[in-house]
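Structures follow.
You will see chain A twice below: alongside chain B first, and alongside chain C after that.
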Partner chain A sequence: MVDVGLVVANLVYGLLIGIIYGIATVGLNMIFGVLKIVNVGHGAFIMVGAYVTLLLFTLAGVTPPLTIVASMAVGIGLGLLFYYLVIKYLVDAPELATLLATFAIGVLLQEIVKAFMGADSRGFTWNLGNIEIAGVSVALSKVIAAILSIALLGFLYLVIYRTKLGLAIRAVVQDKEGAMVVGVDVDRIYAISFALGIMVTVASGSILAMYLQSGIHPYMGEIYTLKGFVIAVMAGLGSIPGAFIAGILFGLFENLSYVALQSIEGIQPLVLTRSIAFLLLLIILLVKPSGLFQR
Partner chain B sequence: MAGKNLYLGVGILIIIILLAGVFMMQGGEEQATQTGETTPAAGQTQEQTQAQETQQEAKTETQTEAQAGGEVETLVIGAPLSLSGKYAKEGEMSLMGALAAVKWINDNGGITVNGKKYMLEFKYYDDESNPDRVTSIVERLITQDGVKFLLAPYSSGLTAKAAPVAERYGALMLSHGGASDKIFQQGYDYLVQILTPASRYFTSVLDMVKAIDPQAKTVAIVYKENEFSRTVAEGAKAYAEKLGFEVVYFQSYPADAQDLTPVLQPLKDLQPDVIIGGGHFADGQLLARQINELGIKAKLVGILVAPALPDFYKNLGEAAEGIVYPSQWEPGVTFSPETTPQGYEWYGPTVEEFIKYFKEVAKERGKGDIMPSYHAADAAAAILFLAKAIEQANSLNPDDVRQAMNDLALFTFYGKLKIDPETGLQIGHDMIVGQWQNGKKVIVWPKEAAQAEPLYPKP
Partner chain C sequence: MEELLRVEGLESGYGEMQVLWGVSLKVQRGSLVVILGPNGAGKTTTLRSIMGIIRPWRGSITFDGEDVTKLPPHKKVPRGLVLVPEGRHLFPDLTVEENLLMGAYTRVGKEDLSDTLELVYSLFPRLKERRSQKAGTMSGGEQQMLAIGRALMAKPKLLMLDEPSQGLAPKIVGDILETLVRLREEQGLTILLVEQNIAQSLKIADYAYVLEQGRVVLEGTSSELLEKEDLVKAYLGI
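Presenting the complex of A and B:
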């Protein structure tokens, strides 16, 4: 009944898009983990990254993998800017204030981009041909996007677990007052963590653009804010590797549930996969409310 | 200390929100008359807006009075149009098309009703592609601005929202971007369709395949899950089966899909002769790209809406080559007063005139030197059909104008226009088939209007 080739193909594509979902959620979860702030404007930063890649590639001919470096720089810049301009004053403010502030930042970014770029849905073509993975033909650009996601995660991991800065970040996460007592500048750590989180998010936008190469418009981020929240809650808010793994699971689940649904007559499977994904979230929350990877 | 920081934070928060608001208004809340002088902002109180509107109207009237010595009155046509949000692209085109037609009519003496001359004025608000905004805008246009004749918003979904409101107030609404058949099965008396209905969108494409390749047997249909695209897909399926094709695949994808790989994967094995489908702009691009990426070979790929816009090739490059699309209209069509068919009456600008007026409007709106898409022509045709019907009815009462439309058979730069008296459905206008060849759009079907031979099979 179920076509094996189709299952394998959806496994491969589910894994690839899952890795992208994963990296696109890591920044959201990192910011929550350290600052306890939910970044509702998350998707807008992804959108900014997609535009960085689009513009550098179409105007200056920079090869997309290199644009990630530019996106990281833009991300750090935006992160520091918004931290010192807004977030700094809201770290201890009521949740509603941070939700509103990050939402406003998101809308601001969307509208600035729209003012300069227009609302058109754009795309570009960066075609490197296809390769075979487990007998499934996949665009090489998609594979590279996935590899770069893993590299970016590795970079973040090194920063957090192998540097003194990372040690300070982890100290602040564990015990803010304690870290202050031993001389950690908490405000600075907040600033750096926020910037790092935004950096990964903007860079993931570049990776996403490389993966899809179409559908780049000022409001493209909204769906990733939504999916990002689902994945983050699945993983347990705050966990960085958890967010990545949950992203992969989400991608696999989305694609495989498609195959399962396809074998049922008279329904439109791809339309239903999303509700299935949310059903999964509901079950996880019922069984393990703290998320899959939360201690 | 903490208290002070909090105040500072709240202060900055307010500034950010205000800034965001300003940006939203710039692009989002656009409201202007045909002359387009003022742009009242969203957050203004009603009194302010009304005061400005009075000023605005006063200004328009003095202008026209000066032009024609006080004999001329103004007739306002209203519309909710999507100038931001997901239909921003199509909405902007509709707006410029409508403005071009209004301008042509005014430059050619306006319209005459009961011996009195009327200049047209086009009043629109940005609906942000948002159904809730559409209903409130239509209500506002009718109750506050006193508009009796309306263009519908872009897309079938938004038109379905607008139609009941217009119906309730007895205002006549012309659908230029709502091709859905279903809206016209609801028994609305004040809704009239200008473009070819969705169910007939792919008939010309399938006719073409049948004519040039009788060997083609299998058809796959992949469409966006919404009212419009489903009607197109179902209409295409029925017509394909009627022509003797076998529909081997019939699947939809969600409106905001970012990745169509799962839906397209089975086509690799099915290898259909013809793939048709799509929805609107963003997803149509995605569909074309991923069909190419997955290496799916078909003799013909026909996609809705997206390929008709110039950005399609810019964004897709090679992947766009050979893609076929049904179109309501293309700038290269050859309809002219001389080719007017029996029983039809020519009205409005010629194709060249329309393009000229459109370009003027586009330049005024800072869009540069661009060509009209069929969305622009749809909206312009709606204005022309309405203007002619008002003249024919010799009345400004929507009921009389609706009655007059039943007997109207117009031939315009857009082709034939004729409605079904019962439902208001468009029965005159036919689709043409376009194709991307060597980075250019050409009309390939019907033969009478073709600029080039169809590229078949698709490279």
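Presenting the complex of A and C:
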């Protein structure tokens, strides 16, 4: 029998983690949308953000929501650095070159963090007590993490839809040559867009750390690269609001499939839940390869 | 008359493939010059090289007394060198007015745009009617008007147009060419036009170049070329 309380609890937690998944995919999709490159090193930038929060909180006592500002700054810095060092020269190169380059950047970040921090899994405790949502008791820190995700999405939305820079970014996406002839410095728009995408991604690592408060290690990002790909493909590569909504759907799907699997005897539901995400990816690729929300 | 644009020995191409083999041309301030030539002659490549969308391999481009050979497009537009590209390259999901504002991208925040916007709307009242419509939903003729309007928003000294009549009905082609004549007479705009339509473009142009296989094979005033119409037609393969 399905336990209704368990379903509701998983809906609530699915929604919360889904919002985090959403914000953790938006950067990947923005970079693809503007530069048409797939950032295989995506998860490593999430990991960097998690470490920013871990270190600022445990060493300097900075409250986790504030660490997001530091992560955004780190993200912009890393984004500009890697753009001007590597990506700039590969934007028009064959896909394989950017896949390998971003993969290499991810590995580089992992190994640098490992060299300084070691490979141990770390965590911290930031406990604000619990609140009730639909009768389900949820840690307030997780709710704050979700709210900050939405705020970050809102900030990105304002930049893209309410500023001259955003208009230029949309123009480059819609017609690169058109943007060139009106005098847009496309290289500069690429640099800023890449930096904005990495900024959101690193910041989402801080939000994730705030949500999980455990499991922070140099390779923690890999699973989010994979989940990010599933979510991005669900959304249709390139769509920013689509990525956010698909992230929420993915969180719900993951949690509900856990409930369903739990009712089957003799299997390990948590292990299977992980692989079911990739089953979902294959199904979407076969049924609607352009993504669920793409025109 | 004084020279606004001088192109000398321009060579350019794509990857390893050379397309232009030393193109030289001049555009006097206030004149309307046309480049004719068959498909694949290198007309588009010439304009794209002048604009800096592709890098010239050799040769020089002098604009308004300044060597601009190596400048990228975003440094040429503010100097008044503006292109209406082949195929228009509008921003389909932006509104008509947003497209026009993008045309003034290098001026936004620095200058008042309302005069230029009014000028564009008075030239093309249709654009004003449709200002909040998405560019991609308009007809071909309206899109070409928008492409020209967008270029005018940059306040060009030299307006280069790459086959603005492509794919349009003859009536609309006539309207567009007439607008160019008006722009030149009323605004003193200098125009470099690429066209396939010999008769109509020679009628409005002062001077013409015929391009074939990446070289200028014939040039002269419009009346000179009209006298040699058979030769021009032979080059154009008509």
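Descriptive notes on the structure:
Following the convention adopted for this analysis, the second predicted complex is superposed on the first by the 295 of 295 C-alpha atoms of A that agree within 3 Å, B and C clash if a C-alpha of one lies under 4 Å from a C-alpha of the other, contacts with A are read in each partner's own complex, and residues count from 1 in each chain.
In this section, contacts are C-beta pairs under 8 Å (C-beta built on N, C-alpha and C of every residue); 3 or more make two chains touch, one makes a residue touch a chain.
Bear in mind the structure is a predicted one, so any value in this text is a computation, not a measurement.
With both structures placed on the common chain, the touch criterion links A:255 to chain B but leaves chain C unconnected. Of the two partner chains, chain B is the only one touched by A:223; chain C is not. In the superposed model, A:146 lies in contact with neither chain B nor chain C. In the superposition on chain A, A:35 makes contact with neither chain B nor chain C.
In the superposition on chain A, contact of A:119 is made with chain B only, not with chain C.
Put simply, more of the residues of chain A are touched by B, taking chain B and chain C as the two choices. The intersection of chain A residues touching chain B with those touching chain C, taken from the two complexes, is empty. Across the complex, chain A is touched by residues 2, 5-6, 8-10, 12-13, 16-17, 19-20, 23-24, 26-28, 84-86, 88-89, 225, 251-254, 256-263, 265-266, 268-269, 281-283, 285-286, 289, 293-295, 311, 315-319 of chain B.
Note for the complex: chain C touches chain A at residues 51, 53, 72-74, 76-78, 82-85, 88-94, 98, 101-103, 105-106, 108-109, 150-151, 154.
The touching residues of chain A, when paired with chain B in their complex, are 3, 5-6, 9-10, 13, 17, 85-86, 88-90, 92-93, 97, 100-101, 104-105, 107-108, 111-112, 114-115, 118-125, 127, 130, 137, 139, 212-215, 217, 219, 223, 255, 258-259, 262, 268-271, 273-274. Interface residues of chain A, counted against chain C in their complex, comprise 164, 167-168, 170-171, 174-175, 177-185.
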